[in-house]
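Paired with subunit B in one complex and with subunit C in the other, subunit A is shared by the two complexes that follow.
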Partner chain A sequence: MQDISDILEDLNRSHDPYGADNYNDGRPSGEADLQALTRAWINERGTVELLPWPKDGLIERVTDCVKTQIEKVEELTGNMEPKTNFSLIIIQTEVERWKFLIRSFLRARIEKIDKHTLHYLSTPELQARLSEMEVAYATRHQQLLHQHYLSSFLGSFPQNLQNLNDTAGGISMISGPDEESGVIARGLGSKDFPGEGVIVQGSGRDADSQVEVVRGEVVVARWSDVKEFVEKGEMELV
Partner chain B sequence: MALPLPPGLTPAEVAFLCEMEMVTVVPRQQLKSHDLLGGPTPALRPPHRAPLPLWLALLLKRQRRANIVPPPWLLRSSLERILKEETEISPTAFSRPPPHPHAISAIPSATDHKSPPFLASSTADAPSGHLPYHWLELGEILLQACSDDVSEPDKVRTLLRDLREVRMAKMRSITKHLEGGGVVSLEGVGAMEVAEGRQFVVGVMDGLRKLGASREAERRRREEEGGSGDGNSEDDDMEMEME
Partner chain C sequence: MYGDLGIKLVQHAKRTQKLEHLPAYQTEIVRAVTREVRDLDKDVSNILQSHNGSIDPSADPATACTLLVDHLCMRRNKRCLLAYHRTRTDKLEEMVWSGNDVSDLAEQQQRPGNGQGSAADLGNVEGNSSSLSPEEEEYVRQYSDLLAAFKGQWTDIDLTGSLEPPRDLFIDVRVLKDAGEIQTEYGTINLTKNSQFYVRQGDVERLISQGYLLKLS
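Take a look at the complex of A and B:
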C-alpha cells in the first residue's frame, strides 16, 4: 500500500473531478469527503459503464476514517455509562451510514467488472479506471473463467477457435457496456466559465442538438453525450 | 458480492440520501458536540435552534430529545401556492425548483458545485413556495415521524398527494419529447420521481434509439459525406407516432 500512496499523491495534484475542493489543513474535511463519496456512489449507481476509480485516495481515506471511528466506539463501550450510551448510538448510526455508502459503491463496481471483465482489461486506458485491487480481482476472475471454459468445452475445440477475444470478421468478441444508454443527469455548472452551464451535444435520431444545461437542471440524455462532463465534475448523475 | 441492482437508485436508497438533508431542530435537552466522520455536530442547548442532518434529527425526535422545525415550503399556504403553479400557471412543466443557495461570484468557491442533498433547502430559513429536490421523501418522513411538529398535518398530507399526482402525469408525458433523442430537460423534478420514472423513461429512450439506430447511422454517414448536411431535411413519412 505504501508505494501506491505516492502515485495517489501525484494524481492528487492534477485536477480531481470527484474529489473535495475545500481543503483547510491539507486534507479534505469530513464534510467534503462525505459529499465526494456520496457523489461517487450515485454516479457509479447511475450508469452501466465503470467510472474511473476516485483519485485523491478518497476511498482509502474514508475507509481509514471508518476504521478509526469503530476503534473509538470500542473504546467507549469499555467505560460504559448511561451518558455515553446515547453518544455511542449516534456515532454508530453514522458509521453504519458511511459503511453502507462505501459497500454499495464497491459492489456496484464489482458488478460492472464481473459483467465485462475482458473489456476493462483490454486496454491500458480502461484498466486505469480500476483500482489496484480491482485489477487483481478482474485478472483472477478472468483467469478462473478461462480455465473453467477450457476444461469444460473450449479444450475440445480446434486451436484457432479457442480464443475469448477474437476480432475476426470485424466483430469483437469482447462486449462492453452500452455507452449510448439513457441516463438522468444534473448540471453542476461549468468549471471553466463560472456562472455558466455546460453545452451538451445531444445526439438524436434525426438531428443533433446543442443544449445548455444550467446548474441544478436535471436532464435525460445519452451516457455518451454527458460522460465527459460527469468525469470532469460539471455534471452528476441522479 | 456484486450488486444485483439495475442502474439508478432504488426508492429506499433515495430515502437514505434524503436523510442527509439538513433540517432545523429545537432541542429539548442538552447534548454535547459529537465528532462525527462528516464533521462535528453543533452542541445543543435548549431553546436554541440548530441545523442537523435529518437522520440525526429523527434519532433525537424518536427519543423526545428534540423537535423538528418543518421547512417553510412544507406549510399549507406554500404548498397551495405550488399546487396552483403546477396546475394553472405551468400545466406542462414542473414548478420552478428553489434557487441555488450559493450564488456564483467571481472567485470560484467549493460551494459553487454543491448539489442536493447538501444544499440546506429544507432548514427553517429555506425559501418557501418551491419544492426542493427531495420534497416528496422529506415531506413523507416528517409527516410520519413528527406530525405533531407540522401544522395542519392532514391538509399537508392531502396537498402532497395532490402534487404527487399532478407531477406524475407530467413525468409520463415527457416521453413525447424523447422520440427524437437529444437532451430532454426535466427541470424541477424530484428525486423520488426520478427513481420511479427512470425505468420507464430510460426504457422508452433506449427502445426508440435502437429502433431508430439505422436511420441515425445513415444520417451520420450522409452528413459526413456531404459536409454539413441538414438532418431535418429528411422525409417525415417514416415518423412514428407516440400517442
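Take a look at the complex of A and C:
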C-alpha cells in the first residue's frame, strides 16, 4: 500500500508492463506486492484448477496493509481540511481496489474448492495448495454436505452404497477439474536461463509439438501444458 | 421401470439451475427413489441367497445380467439423488453468500403476492409452505455459521462484498424502501423512500444487495 506521494510518483514513472518484481530491500515493496497479488488473482481466475496458496505470506502482508490503511483513514477522518480530505479520497479508493482484488481472489479459490472439495482433500499434495483456513472450511463444508445427504436419503441406503468416494466400475465418484481446458498465457522468460524463453510441450489434437515461448509472447495452450511454468512464475495468464 | 423417477429428479435439478428461486423440494420423488434402491438391494441379496452367494456368469448369464442391471440402477439412482441435492445446496449456498438467511427464505415463501415475493412463488404450487426440506433448512443454518466463521477471519476484506471491480468511491443511490438511519463517517443519513443520496459505496453495499437501495449509473 502506498500513501499519496508514492502514487503521484508512480504516475510520472514509466512501467515495464510485465516487469519482474522489485525486491529492493529484501522485503517486497507495496508495489511488488500489488503486482504479485494482481498476478495471483489473474492466474487464479484464469484456470479451472486451484493454484497453490501464495507461499511467501503475500496475502497476510496485503491484508495487513489494508488494515493499516483503514486505520489511517479513520485517523484522517474528521479532519475537514480540503487537502487531507482529497488524499483521504485517494487512499480510500486505493483501499477499495485492494480489497476488491483480495476478495475476488479468495472468492475464486473458494468457488473452486467448493466445486471439487473431495478432490482437493483427497491427497496431501493437493491439500497443500490450500491455506489452513481453506482446509478447515473445505473439511467442514464437506462434513455438512455429507451429513445433509445422509439425513436426506443416503441414510436409508444399503450400507455398501453410503460412501461418497466409491470407485466401483473404474469410475471414481470424486471428480476433479478439467486440466485440458485452454488458457491464454504470456511468457515471462526462463528463471534458470535469464533472457531465454521456456520450451512448452504442446499436446495437440493430431500431433504434439514443442514451442518456445519467449518473454512477452502470448500463446493459447492447454492448462496441463503450461501449468508447471505458471506455477514457477515463468509464465502468467492474461 | 427402474430409473424413471431418477431422471425426473435430474430434470428438476436441471430446471432449478435456470431459476432465480428454489422450487419446492420433491419429497415424494426422493422417497420413491430411495425406496427403489432399497427394493433393488433386497432383490440382489435374494438372488444371491438363492444361489448360495456365488454365481458363475457364464453358466447363468440371465441371473448375472439381472444382478448387473440392478447394481447399475442402484448406482444411477444414487447419482441422480446426489445431483439433485447438490444442485439445491449449491443454490442455497449462493443465497447464503448473497446475505439471505433461513428466516428470510422462509418469509419469502410465506407471503405470496408481496412485491419481490410474487415472482419467487410462481413455481411453488403448495402456496405458503416452505420450499425447503427440513434437512435443507438445517443445512442452510449450519452453512451460514460456517461462512460467518470463515468470513470472520477476513473482517477487513468483507468477503461477501461486491465482486464488481470498484470504479467510484462515491455513488448515487435512490432509496426504494425505507431503511432507517445509517451511520457514515460523514454523519448520519436518513434513508427515506424515494430520496436520493450521494454516498460512499462501501457504506451502502449491503443495503443495495438487500434491495433497499438502487444504484444509479
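Keep this in mind: the second predicted complex is superposed on the first by the 212 of 238 C-alpha atoms of A that agree within 3 Å, B and C clash if a C-alpha of one lies under 4 Å from a C-alpha of the other, contacts with A are read in each partner's own complex, and residues count from 1 in each chain.
Convention: a contact is a pair of C-beta atoms (placed from the backbone, for glycine too) under 8 Å apart; a residue touches a chain by one contact, two chains touch by 3 or more.
Nothing here was measured: the structure is a model prediction, and the numbers come from that model.
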item: First, second, both or neither for A:151, with subunit B first and subunit C second; value: second
item: Touching partner for A:114 - first (subunit B), second (subunit C), both, neither; value: both
item: Partner chain(s) touched by A:141 [first = subunit B, second = subunit C, both, neither]; value: second
item: First (subunit B), second (subunit C), both or neither touched by A:66; value: both
item: First (subunit B), second (subunit C), both or neither touched by A:215; value: first
item: Touching partner for A:87 - first (subunit B), second (subunit C), both, neither; value: first
item: Partner chain(s) touched by A:181 [first = subunit B, second = subunit C, both, neither]; value: first
item: Contacts of A:42 with subunit B and subunit C, given as first, second, both or neither; value: first
item: Which superposed partner A:200 touches (first subunit B, second subunit C, both, neither); value: first
item: Shared subunit A surface residues [contacts with subunit B and with subunit C]; value: 66, 89, 93, 97, 100, 104, 107, 114
item: Subunit B to subunit A touching residues, read off their complex; value: 1-5, 7-9, 13, 16-17, 19-20, 31-32, 34, 36-39, 41, 55-56, 59, 63, 97, 100, 104-106, 108, 110, 112-115, 117-118, 174, 178-189, 191, 194, 198, 201-202, 205-206, 208-209, 212, 215-216, 219, 231-232, 234
item: Residues of subunit A defined as touching subunit C within the complex; value: 63, 66-67, 70, 74, 77-78, 89, 92-93, 96-97, 99-100, 102-104, 106-107, 114, 133, 137, 140-141, 144-145, 147-149, 151-154, 156-158, 161, 164, 166, 168-169
item: Touch list for subunit A against partner subunit B, complex; value: 20-22, 29-35, 38-39, 42, 45-48, 62, 65-66, 69, 86-87, 89-91, 93-95, 97-98, 100, 104, 107-108, 110-111, 114, 178, 180-184, 186, 188-189, 191, 194-195, 200, 202-209, 211, 213, 215-222, 225, 233-234, 236, 238
item: Subunit C residues within the subunit A interface of the complex; value: 30, 33-34, 37-38, 41, 74-75, 78, 81-82, 85-86, 89-90, 93, 133, 135-136, 138-139, 142-143, 146, 150, 153-154, 156-159, 161-163, 165-166, 169, 185, 200-202
